[in-house]
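In what follows, chain A forms one complex with chain B and a second complex with chain C.
What follows is the complex of A and B.
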């Protein structure tokens, strides 16, 4: 099967959030009724039980004009996937159709993938000790159906097809989008070896909470190539005491890093590279 | 709608005004996007705040709530002053060339047309709102449109006051934006172009709501946009079947198929038929439709000898208003009403001045509610602030199925009747409404079976011989649909359409406009799912059945010029081929009437003059030409004339008792909907996947007002009007505006009205704030513009 992808054209999204409901319905995820966020956005971020959501971006343009854009946040199913490289336990695999698929029984909820996703997508269910994220409706697409979000999208802002088709459609959509939003651009076609989500953005990625030039830290390769085989061997030995301690220490280190990230207001991959 | 949903793909410019289509009618955007992709169409959003629709529009213009008439008046002036109208179209297809009687006038000093009686607050003499006729009774016309008393010249003078600058001051709109909107939309007056107006409750729910709709009809006529693909006046209705509900006369003043409700002033069928519009109006066939309706309802008991049992129909007291507003006022004042059936409604949340209407419900002896959930109306007795010990109303709550758990037809805004099949069974003992109705009628008929009282005959003789819905919903609905379609009673066969209905009692028909949906030849056409699209205009004539007669675009004769040729090759839709009208739709016209026949150039077949009435002859309660009046609660004075409010708006007995002024309530407020909730929220606030998307009631307020009142984003605020209070969360946003109105800054706020005290997510009822006054013609409440004040909740 060819690599599949979604084209998400932000310039067409009307934020009806049918995709958000459709995702929960197909995957039978519970509603999570929270407090008012001060915006139309339902929650601050994705969660273990919320694999996609529309994020709202309100902008006052010079001259008093308004812009209001809506970005569907979801797993990008990257060609060069940080989560997959980071996973110590082969809980993530790349399927032929491009899905970065999670293997439930292998996932130990260590959260290493969280740290190395440039898009902040994976979320760890601390109670179940499992990471959760968009499955690209693997169960649907491997049976010839489109993902639930694409199926429900009324203004056809979400389109599903082979990666090549979507990459080509992006040009067509871009030409159309630029008539209304001259600064429109394609995002995801070239990033990280090509993402499984190709966006049409009305303006710079930073305006919609996306890194300008997503990359994976140098250390990730190191982990994968040098440290990981050692760790894997330990898990193979029925989680011998040392191995367990190793994983726990990784998680704690990661949590520290998470809180540091919150304080600083975000990661800087460059810093990690230079450091 | 005159057109239909798919037809939005054919438009060149869509004006979305008084509607938030992207949020509340998302499907429309699928087709608008196609218009944009394939035709380079432009979308205009005119709204008090910057909405999700505005976010996807090419052009956005803010206007203050309640100023649609000024906005449209300015558009009409722009069209007339800048020659943007379609000259040949209006000369032939509208009454613009007709000459109005001497004596008719409008005086900006009083803000009144001729014939007004101040004491009765009504236009009691409308004789001058009429055509001048020659000795033979023919309307005098001047096809050059130059006669000073021609409708065209009268309109030109009338709307000359609506300059862009004056409109901008009243609406608070930026002059340049307003001009851009007028320029862009009126560009569709060119031959080969078409513009569509899409509207919803942001046009209708005002004391001048009917006149707002009139404005749209006038503009679309002047621009030659009626009857063409991509044109039309398109109401985006608020519910998947609200078109069906009005077609079937769930309204106080109508019988099915928009026939008037009989009143005490029409005691006999002859008197009722005497109110029939004269030929050649197609309405002149009404006696056939009422006779067939009575035959459908009363069968053998209806015959020519007894006026087809016309006596059985209840008669409204002439001059009495039976609207929602009046009904609840009566109830509030302990009059007339003992019990109430409420189904498909939740008036405690959806009615205006909810404090008053909830209090009114306490006066009922009994209340029957049919709903999938215990909503605010069935739980009115335990609403916040009520003391259940003091309320004696007996409440019956009958749980009923949701739309997914029943089968039957729905009729959408495009007049398309589509059959839907049940997806799943309802839980437990939940019933479909048709079952409850069936059992209710059978019980009533049993109770009255032995009665000889004349007033009981209407129930005793009501025909009710449908298959038992408990045994088969499908068979029950099939029988009802056959009756609605109509039958030839001598052959027992279904009639092919309303043209076959008779006045002599030989046919029956439950709703003449639905006739043709179920025929011997084609079966139940509402179940048809053929996707063919001849011409590529999206008419899809084999998909479902559109009333009337499966026409997808009504007045479609207008798509051809007076000689029957398409106005342009680009918009070739219906034309005269030398022998008959042909094209891609069912002609809205006698199919073999040649263009040179006496009526061959007259497309508006329902009217006696068969023309679009840009000047409304005698028909409306508040004037033959739309004129701007301020909402009943307004922050400013009317600059277009000296009369502040609509001279005939509906006040009822209590409306005027609780009105506020700008000194005490300085903010303009409106109520609106969000995509994520549905109406009163009875369904969506009980559905976790929807409830999580919009968990709390919120009010959108601008940054200036937030600063002035020290309100932070996400804080709780309380809105106060002369009627009541409602708390909501503050959403501080640059999308909400401060308007400069006649030189003064006024803030506009607005809140969602989906919330109430029942369900998974709850909030104060927004309609605690809204006034109990209504439109001069329909008495629809003025939900969309009123005055409030705001304060931050600190305790």
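What follows is the complex of A and C.
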């Protein structure tokens, strides 16, 4: 199966939050009433029971005028996924269709994935000790249906298809968007080796709470690609060296024992003295 | 049996701390390794689950910290004498290291008179001090910080590997190596024979006897 993707066209999104509701509904996640956040945003952040939401960003223009930006936040199902690399227990796998899928039984809730996701997506349920995030509706898409959030989206701001189709559609959508928002751009097609979510943003990524040039911290590669193999080699070498030394020292001791039979004050005698 | 005369080497507080550190360190190394590699995965049932092992990791960490703090509070002078020796690497220590490969495989070899600690013990102490301090600091970050600096992950793993590799050598020399394993008595009963002291820690022997004369 080829890699699948969502195109999320923020220039068409009306912030109706239909996707937020249909995600809850399909995945049977209970509704949660959050405290007032000081803006139109419904809750302060994603949560173990909230895998997608519309995030609002207010901007005060130089003239004092307010500008509103919003974006559907969700797991990007990255090609080069930091969460997957950081996971110590193979609780995250890449499926053939591009889904970065959680394996519930393997998850120990350690939260390493949280620290290494460039988009701050995974949330750990501290009671259940499990990480939760968008599943890319893996159950639906592996049965030929589109994700619940894409299906519900009225203005067709969320479109689902193969990654190649979405990458091509992005150009088409960009051309339309630029008529209304001259600063529009594509985000996610080239970033981090291609994300599973391709955005059409009306303005710079920073205005939508996205990193301009997302990357995985070098400490992740240092940890998993350098320290882990080096550390295993070092411990192995130490075991091998002491094992070998042990065998040689035993053989030397045996030799001494032999000669100790011949002369007094030999190895045996000394061992007894030492006690 | 004059050669059986015993000499006091380590106080009870230091010995308790040594064994508490050893037990905590091994527990931490095993439970931590479950996240690091797969060679010990067969031990997971011992802890119930990997989650259980990580709880044990944190409990053992508390004991490890106690093992470090205890002698600092109870025997500060013994600890500072140790630190003084360890951070004072001399000619005799370097010469010891030349004879070390032979000792390591159980061949007796003349060594220049050593102080309270020989060159090898000093290096082992240095490695354990640096790794222990680094593991405690990075470990506390990983445990208590909501967003630890990400360098703490590779640092914790690296110090574990270095600390464990050198601890393996230390355990072998203390328990299984026929020409140095007498030293373990110093850590169990607190005493070693004068004979062993004379042969292996000549300078210390002299210091002790000069004082008495």
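Everything that follows uses one rule, which is that the second predicted complex is superposed on the first by the 215 of 275 C-alpha atoms of A that agree within 3 Å, B and C clash if a C-alpha of one lies under 4 Å from a C-alpha of the other, contacts with A are read in each partner's own complex, and residues count from 1 in each chain.
Here, a residue touches a chain if its C-beta (ideal position, glycine included) is under 8 Å from a C-beta of that chain, and two chains touch if they have at least 3 such contacts.
In this text the structure is predicted, and so the values were computed from the model without any measurement.
> So in the superposed three-chain picture, is A:220 touching just chain B, just chain C, both, or none of them (first/second/both/neither)?
second
> Scan A:112 for contacts with chain B and chain C and give back first, second, both or neither.
Touch status of A:112: second partner only.
> Taking the superposition on A as described, I'd like to know which of chain B and chain C A:30 touches: first, second, both or neither.
After superposing on A, A:30 lies in contact with chain B but is clear of chain C.
> Please work out whether A:38 is in contact with chain B alone, chain C alone, both, or neither, and reply first, second, both or neither.
first
> Can A:21 be said to touch chain B (first), chain C (second), both, or neither?
In the superposition, A:21 touches chain B alone.
> Quick one: is A:136 in contact with chain B, with chain C, with both, or with neither? Answer first, second, both or neither.
Touch partners of A:136: none, neither chain B nor chain C.
> Which partner does A:88 contact after superposing on A: first (chain B), second (chain C), both, neither?
A:88 contacts chain C only, not chain B.
> On chain A, which stretch or stretches are contacted by chain B in one complex as well as by chain C in the other?
None.
> Touching residues of chain A toward chain C in the complex: what are they?
86, 88-89, 108-110, 112, 115-116, 129, 217, 219-220, 222-223, 226-228, 230-232, 234-235, 237-239, 241-242, 244-246, 248-250, 252-253, 271, 273-275
> Using the touch rule from the top, collect the residues of chain B that touch chain A in their complex.
Where chain B meets chain A, its residues are 22-23, 26-27, 29-30, 33, 36-37, 40, 50, 52-56, 58, 60, 674-676, 687-696, 698, 713-714, 729, 731-735, 760-761.
> Can you name the residues of chain C that touch chain A in the complex?
Within the complex, chain C touches chain A at residues 3-4, 35-37, 39, 49-51, 54, 104-107, 147-148, 150-151, 153-154, 157-158, 160-162, 164-166, 168-169, 172, 176-179, 182, 193, 195-196.
> In the complex, go through chain A and note every residue touching chain B.
12, 14-18, 20-21, 24-25, 30-40, 42-43, 58, 60, 66-70, 154-156, 176, 179-180
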